[in-house]
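In what follows, a single structure is set out as structure tokens and then discussed.
Chains: A, B, C and D, in written order; residue numbering restarts at 1 for each.
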Amino acid sequence: MKIIGLIITVVTGALLFYAAGDFPAWSDPASPASTYLSPHFIEKTMEETSVPNIVTAVLADYRSFDTMFETAVIFSAGVVCFFLLRISRREDEEPETRYYRHVLTGVTIQLKEGHKMPPSADFERIDSMWTPPDLIIKTGCRLLIPFVQLFGLYVIAHGHHSPGGGFQGGVILGASVILLAISHDLRTAVRRMSEKLIGILCAAGVLIYACTGALCLLLKLNFLDYSALAGILHVDPITARSHGILMVEIGVGIAVLATMIWIYNNISSAGRYRQGL
Amino acid sequence: MNMETIISIKPLLAVLVSLLVVPILVLSGKRPNVREACTFLAAGIKFLIVLSMVPVILNGTQIVYTIAEVIPGVAIKLRVDSFGMLFALVSSSLWIVTSAYSIGYMRKLKEHSQTRYFCFFALALSATIGVAFSANLLTLYLFYEMLSFATYPLVTHHQDHEARSSGRKYLLYIVGTSIGFVLPAMLISYSLAGTLDFSSQGFLAGTGSKPLIGLLCFMFLFGFAKAAIMPFHSWLPAAMVAPTPVSALLHAVAVVKVGVFCVARVLTGVFGTDLLFSLNLNVPIIYIASFTIMAGSLIALSQDNLKRLLAFSTIAQLSYIVLGIGLLSPKGMTGGMLHIAMHAFGKITLFFCAGAIFVATGKKNISEMIGIGRRMPVTMAAFFIGSLSIIGMPPCGGFISKWYLVLGTLEAHQLPILFVLLTSSLLNAAYFMPFVYKAFFCRPEDAMFESRVQEAPAFCVVPLVITALISVILLFYPQPFLRLAKMMVQSITGV
Amino acid sequence: MTDLISMVVAKYNYWIYITLMMIGLYAIIAKNNLVKKIVGMNIFQTAIILFYVSIGVKKGATIPILEHGHGPDAHHVVHAVDYINPLPHVLMLTAIVVGVATLGVALALAIRVYNNYNTLEEDEILAQIREK
Amino acid sequence: MSEQYPALLVVVPLLSALVVSIAGWINKRLCFPIAVAALGVAAWSAVGLLLRVLDEGVIVYKLGGWSPPMGIAYYIDYLNGLVLPVVSIVALLNLIANKKGIEQQFPDKIGPFYTLYLLMVTGLLGIVVTGDAFNLYVLLEIAALTGYGLLAMGEERAPLATLNYLYMGTIGACFYLLGVGYLYIVTGSLNMVDIARLLPPLYQSKAVMAAFIICMVGVWLKMAFFPLHAWLPNAYTYANSAASSLIAPLVTKVMIYVMIRLMLTVFTPEFAFTTLAVSNAIVWLAVIAIVMGAVLALAERNLKKMLTYIVVAEVGYMVGGAWLGNRDGMTGAILHIVNDALMTLCVFMVVGNIVYKVKGYAFEDLQGLFRKMPFTMGALVIGAMSIIGVPPTCGFFSKWYLIVGAISAGHYGFMAALIFSSLVSVVLFFRVFEICFYEPFADHHGHDNHPGGMDEAPVSMVVPLLIVAVILIVVGLYTGDIVNHVIQFAIPETMV
């Protein structure tokens, strides 16, 4: 297998090296890629969409259809991870002995033969292999998370004017919740954002995107032609495009946020949703 | 030659009748009487439809119906001409008789899955009529393959080990050759000529090189393995594991005749007599056929199992037809085509008799049937008539076709073939007559049966009497078969 | 010779991406450990991302966010030469997302495989399958 | 409304996938009707589009209102106009047929299953309809990712098989992406029609040739063209039946479509067949694919796996036909996309029914099935006839065009391979039929000794199956119309 791999690699590499001879040199301003479409984007974006960040404009308007499916890709990855890994309560063999820890004192109680603890804020369920989370990390993260989230929201909202947008912001938001799951445990994170909520948010995010497009369709223009929204938003069509971009960016943010958490939850606990990593 | 044509849906109806009856048969599977009544009804309607077209055809008109234009220039298309009509008339009339015989045979032996049996029988008949009425090679191939697959469950009806191995052989020969030879040959012909429609002088003339045409010719000749030309014959004895009505109608009439019909059609309609003659392709065809005739008859001599004997006899007789076409002389071709009808009635009688004997006594081997003429005189009398027809002696129809074949050999100046024909008739007599003789005239102490008359059920006996009688009648009234054959030959050769 | 050297230097981005990509390809084909293959796959994808992004670079240009995008002089003339090509960046944003998604699915599958066989070494798994 | 069909075609399944996903958390029973309705709308739009194409010619739909090449556009011409209804109808029928199977297998995950199913269909439809090379990549990945998810839920070996598929599929998609990058670097455009306009002066460029080859290799990897097929048999065999009977008919066929699209629209046939002197080699590769597919299928004692090898062989048919370099071969390849999708669906649905009832698909499990499940087996017979190539089933006619193409190209090896594969198919299927028909052998033959009555799959599974079986014959009879009115215009006139 190693030799075959080597042969394939060498052959493919040779082909690619051979072909690269005809490419324009690096950072050549006269290359076809830089002279054909990109001048139009750079020079016309502002007047056509009134968004200074050209990447955002191309991403969420000129090529918004791509981006919708990009969001759908992320969403489907979330669904696939859930579909493959999540072990439903019916199939999951509960361990015979359960452990509960008194949060304040740290006393651990062991219950046998499927007995359950009545729900109580004083006790938390733990796995048999449990290591106490470090107090400094726990507290540090707690302090950090709100700021991370705030930053995430900023990145989404400011995507029109600076690097950023739904994907970047969504990932930051998702990371904040994942940080919580890492610094505490998965159960804590799931208590904050239940599985059902995440599942619905995931779809809802993409749905916001697709519905924005479908709304344009209902308003007698083509799918994702945001200028159709001008009538509803009471602005001129070009500003409507800018607003449309914001709407879909929010959708993207929600979808990415939820999917990141969903994938993390499923993979880190192998679908059992216990303590996690 | 420009023939008058009329467009009519009748040929399609003739094909469809037995196809459409299948669901009804399935639904009435629980009530055998209704089921068999439906079979009869379908057979009757089919025969009447075919019959209603006879006067038109005898007037020299053709009936055409296009089902679907599947490939530019090639349609699934039906066309009734005199040769097709001859064959359709034979098979549709014999279906009625065989249906009756099947009822007697299957019920008496309490065979399982009778509904399936009747359904596939009907399907097979559809395909047979379809072949007879095909207007082009594609349609012919379509129905040919349909027939191959529809008869598989009939051949393997018993569903035991023997049936399985026979079924394998059957498929291997029939489907293997049709896909392996006919399909590529058909497609090469299409690429050469751009059409597949049969015409009276063929469509391949002047299209391909000589070796290629020769190759195509043999691909078709052996590809239609249902014609059982040696060395692609051994499926036929193997297929004798089927219930006897199947052997009777399909392996004496429908399936094998479809094979020779296809060969004849292709030789005349695709290549054309002139092309064959100019390339001298008829000579190898004649000699292959002659070899099959001699070898088939010789092997039949050594058979003890009655049905196997009949199978080898069929192999030999089928090659008469190919031989007749291969002679390319008007008389020879007339004889060949006529032999389709004459042999059909004779051979089906023989098979019916073999089945009747099996139903009545359970015996399959000739050596166990000494003296059976006393037990089943009617059956054996019919057997005698049938064998006379096969041998080609008056007072049976087989005489006419052999007569024309003999004349054909003279016309084509093929004296060795004349010798083959005569020898083969002697051989036919040699394997049939001793059995008939022993059945009737053995010494009483050798007889294996009491002399009390005990025939098979009426459903079995009546059909075989009818076919035997028709065999005789055909000598005196060979119309409309003779007329149809002559018309076809006239359209091909102009004589 | 100088031509060759100048060509090699002028197109060094391509050589880097091809090398990286082949490393990834080799890992996918030749490595025995399923997770190493996943890592190889990611290197492979990243190499392509690198390739695309390098297409967008333009000498003397800055990132494609218009200066003075808003405010009083929002509508001054924009020169295409001042900004790099935005399209490859957009495309690669998509490709990155696809890469992440594929990685997620691949890891989920690897977990399923591990649950079934208790190993991620391909030869051991195949040995187990053969035993059954 | 009809001018929005191109959007509806893709967007409705996408929206419904999202709604189904939410519905899965709230009320599982809503999932199925939503999914069926969505695919119904998609099928409706697809057929509507085909009729419009027949009426008006090529349809361009600008997404976001931006004109290409700035924005993304859909181009619906005769080629994808033909493939779209096939994809949507196959998906719809398969969904209806597999309702019970899905409920039986994934009682807790109905919502995610339908979500993935619909997303997959979205992806496939999008691939077929799009006119943007990069958009195609994104949709390719949607179809692929959801496909991995669907396929991995099956037997014990499914995850490993799917993981291997994932590696290969990712490489394939990345190669395609790289090829698109090459085209972008030399032309600066991503729109297929625009690229086609810009390319001709560049045909001698090494980069363009490399782009074409890389794209082709990528697509071949995804369609499991021999010798890149190794992932396919296991991935399809061990998957659950609903997934395999969606993916086996569609994914390989859609990738063939992509290949033909690249050859005919993005590049020109002259470039593919003449400038690059590789077509003969590729047809020989296809010959090997057909022969190996057939031989490997012979070696299997397992119905589903046998069928997967037949899929590999069929891929060889289409690649070979497309690369013969003449009109008949290309017609055959395009026609075979339609026919093979339908017949593969038919046989895989049969496997689905058998698995539902018998819980197995090894040869030993098939005994006595003609008696137990006559309708299912009837459909299998028709599907088998189509794969063997018996008229009037549709498989015969595409084989016809392929062989005629081979003859006029003078490529007798390809013709022989097609005939060989037909013959092997006869053996393959009759081996199965023999087991279903004869076994278990009774002690003494004849005479009503086969016990056990009918035990047919539920009506909801049998009826769609029979519909597919009938479609196989109907499509066969309408081959002439399909070729004359659609495929003829899908192939550039420059090709003879």
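Just so it is clear, a residue touches a chain if its C-beta (ideal position, glycine included) is under 8 Å from a C-beta of that chain, and two chains touch if they have at least 3 such contacts.
This structure is a prediction, so every number in the text was calculated from the model and none was measured.
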item	value
Mutual neighbours - chains that touch chain B and chain D alike	none
Selected interface, A-C versus C-D, where C-beta contact pairs are more numerous	A-C
Centre distance in Å when chain A and chain B are each reduced to the mean of their C-alpha atoms	74
Between chain D and chain C, distance of the C-alpha-averaged centres to the nearest whole Å	29
Rounded Å distance, chain A centre to chain C centre (Cα mean)	18
Chain C residues counted as touching two or more neighbouring chains	21, 25, 55, 87-88, 91, 94, 98, 101-102, 105, 109, 112
Residues of chain B engaged with two or more neighbouring chains	none
Junction residues of chain A, two or more chains touched	16, 20-21, 23, 31, 33-34, 37-38, 41, 63, 66, 70, 73, 76-77, 80, 84
Touching chain combinations (by label order)	A-C, A-D, B-D, C-D
Complex contact set, residues of chain C against chain D	21, 25, 28, 34, 37, 41, 44-45, 48, 51-52, 55, 87-88, 91, 94-95, 98, 101-102, 105-106, 109-110, 112-113, 116-117, 125, 129
Chain A-facing residues of chain D, complex	4, 7, 11, 14-15, 17-19, 21-22, 24-25, 61-66, 69-72, 108-109, 112-113, 115-116, 119, 122-123, 126, 132, 134-135, 138-139, 141-142, 145-146, 148-149, 152-153, 159, 182, 184-190, 198, 205-207, 209-211, 213-214
Residues of chain B defined as touching chain D within the complex	67-72, 75-76, 109-113, 138, 141-142, 145-146, 149, 153, 156, 158-164, 167-168, 171, 175-176, 179-180, 183-184, 187-188, 190-191
For the chain A and chain D complex, residues of the former touching the latter	15-16, 18-24, 31-38, 40-41, 61-66, 68-70, 72-73, 75-77, 79-80, 82-84, 86, 88, 90-91, 196, 199-200, 202-204, 206-207, 210-211, 213-214, 217, 221-227
Chain A contact footprint on chain C (complex, rising order)	7, 10-15, 18-19, 21-22, 25-26, 29-30, 54-61, 63-66, 69-70, 74-75, 78-91, 93-94, 97-98, 100-102, 104-105, 107-109, 111-112, 115
